[in-house]
């Protein structure tokens, strides 16, 4: 079984079809390249795979399942809870003064013990006596809030990038998106977030477990920085890195989640030949760690040098698939690149 | 009996409708000033409401110095025109200067520094308004109680155009509001969509760097935006003063908040949106004042704002730009 | 790390020593007590706006919620009377719940839309406090409020020095907690959302939940500050003590101090509130020495110059130090680190 099955992915933006019915399979442990002229829909395809966009049509299966939260009973329960809470709080907001006066104002005398049961009973009686009209408004408000929750939750049910990342697909971006004001090591630690367990209260109160995890994660992040050759600047801001190093940091950040699949969007863009060579080595070392790599790239030396299989896109459609040798022999694929790329 | 009641209810409803629309249109003029500035430099121009306030103080000063309230017949309308023009010129110039002094040097240093600078400018304008109220002029009651609200002479009569018997009041004031806002907005639409300046403004709003590279003098365009926004605020200040007949140095806050809310409600950056949002807010205010309790009006306005934004996160007419990944 | 902690330690060291020099002056205590209270509110806002990047223009509402929750829970005109310490704690909790309720439907909104919603929340809160007179006592405010007792010893209202140190210690605790969060997984998630929400989501961080936690935490800290504000006055004061001006003051504190920096918040509070409470009062005294009678001339009363001076100061600070008084937590250029030997280094490409 293949690791990632992309089936009939179609992305439309208004009238524009950026990706049109693309299907392919990625096998475990291979380096898989997506190539094609500018505007062929490669990045859009990546965005559909990683959940940044919801595809107009088609599916992406990872280890045989669509990464998606199931609309189970939890949705119904939450909607109910939120709706009822909304209704009750609206009711209280509209009638709070009367209820408060009846329950507390009338029962409380300074210095005397407060009759809690009496107060509750009075509050209940006052609430019961509220005219029906004032009951309708809370019901409506509760309904509206409940509906809004359904809307919000429904949006959460789509394939969101965070769920996909947690399932084991990590990515980099074409126009590098680092956290520029955070240090290098913090960038990597953010990438590691999905594997860390310390929650809010542990962090706040420094409960047991905090120190251990923080030591372990920092050490691991330093290892990753060393892996991409940036360990010596671990404490400086990511924004201060030169361009070529930023790509490496982005890769380290993506690797920090220990992904099954790493998606690289034009990792060699803007690099000089020596940087490209070391990037090729880096990608191969990543694969040797057992990580499947999918990359978009224009740099043909890199693509042909390290890919196991290649998919060629043009105008959003797949026009070829195969090993580097097969692609280099395919006339359609060569034509697609003629003029656009002279490196082939 | 029943029928009479129905017609009374209808009258009441129509009355609130007219009040709401008139107030909404005044808000709209201010809201456009917010939305234009936001559209072009992404700044919530906090000082705009107080600029509006100063505009009305200038109008009252001009009125007092020239003795316009004594003019009669056609002279009154000439006076109103004079007030509109002087206030618009003043606000435009002031807005432009504020941009020059307080915003332009900070444009490169980020949204929030700009915002704080705008807050600072707002404080200064409020304080100037307080001082202005202390001018020893008759229209300011001799300037003895500087902080007190000032009466604005009713240049425009409050007679009912629908006849004395009608329960619905439609006064020349309402017509004045319409007569000022409608042509202004049409002219503005023309400027933005048809002129070179308008094209340059839209280009700068979309991508200032690219606009500059294409040879657009973005500094000048931004300056022009502040000029126009200020002028609209000036118009608004005069019609507000003539409509409500009282002004105070603190009114900029309320007006500014309404207008900014309107701009956001309509989709900030969109001019038709600002107008739509302003009309909605004017109407909601009037209806809430009329049918519910005045003291809950703010709560209702903002409650409706939140509900609308939950369902339309970019405002009524705003469009959400897709982020390029 | 130690170098970054220093401004905070310095702040507390100086603050702890100050009463030795100015101990006699009531003005001093008034000023510093409000500096500490507003530092707390600023700290809360710093979590929401500084760390997580959500512009909040309604911080005063959370301060008010804290103050009123504290008052209702402790004042002897109501039956709850949970006592000072429980009141503080519960006020913080109520603030968190309020933040959660406001945040749940609205935190999906982008920047300035959220700003207007928070501003509206501030207005609504004021209206509610004014209108629900049976509960909030309207413009009277709820009073008197209990005094804190520590092991049988009660800090009386007049004992300004003890209040000073009590506030300083509580502020210290809050700063400690906020720093802990900032330098943990929780805080990193907040910062990453501010830096690049999409990239952060693609790293597996759920944006909405993370924002919500930040919002609730910030609200809780501000509510805590509000509760102390009320405790200091022994009254909630009238609802207008929590108006938009207060929200704006909180915002100015964190921006003037330096966004996203805890030390910056402390410095910002000292500068902004200090200016309000010391400098302007001093100026008033100074002017007032010459002309004490109530003049009809508006310019003669120094109190009338307050906003002008405040506004000018804001603009000046922003022009001279647009990044805030305390510089950002990391230098944006790495100094002392040689570039990697094998790679040719193009000039740092900027952030565009």
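A, B and C are the chain letters, set down in written order, and residue numbers restart from 1 in every chain.
Here is the rule we use: contacts are C-beta pairs under 8 Å (C-beta built on N, C-alpha and C of every residue); 3 or more make two chains touch, one makes a residue touch a chain.
Everything quoted here is computed from the prediction, not taken from an experiment.
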Comparison of A-B and B-C by number of C-beta pairs in contact, larger one: B-C
Chain whose mean Cα position lies farthest from chain A: B
Separation of mean Cα positions, chain C and chain B [Å, integer]: 32
Chain A and chain B, separation of their C-alpha mean positions in angstrom: 42
Residues of chain C touching at least two other chains: 105, 108, 128, 198
Residue list for chain B, restricted to those that touch at least two other chains: 310, 325
Residue numbers of chain A (touch at least two other chains): 52, 148, 173
Parts of chain C lying in touch with chain A, wherever the complex brings them together: 76-79, 101, 104-105, 108, 128, 132-135, 177, 180-181, 184-189, 191-192, 195-196, 198-208, 213, 260, 328-334, 337-340, 342-349, 351
Contact footprint of chain A on chain B as seen in their complex: 307, 310-311, 322, 324-325
Chain C partner contacts - residues on chain B that touch it in the complex: 38, 44, 101-102, 105-106, 109-110, 112-117, 119-128, 130-131, 133-134, 143-144, 146-147, 209, 253, 257, 260-261, 264, 268, 295-296, 298-299, 301-303, 305-306, 309-310, 313-315, 320, 323, 325
Interfacial residue positions of chain A with respect to chain B in the complex: 13, 43, 47, 52, 144, 148, 151, 173-175
Residues of chain C that touch chain B when the two form their complex: 55, 105-106, 108-110, 112-113, 115-117, 119-121, 123-124, 126-128, 130-131, 198, 244, 248, 251-252, 255-256, 259, 296-299, 304-308, 310-315, 317-319, 322-323, 352
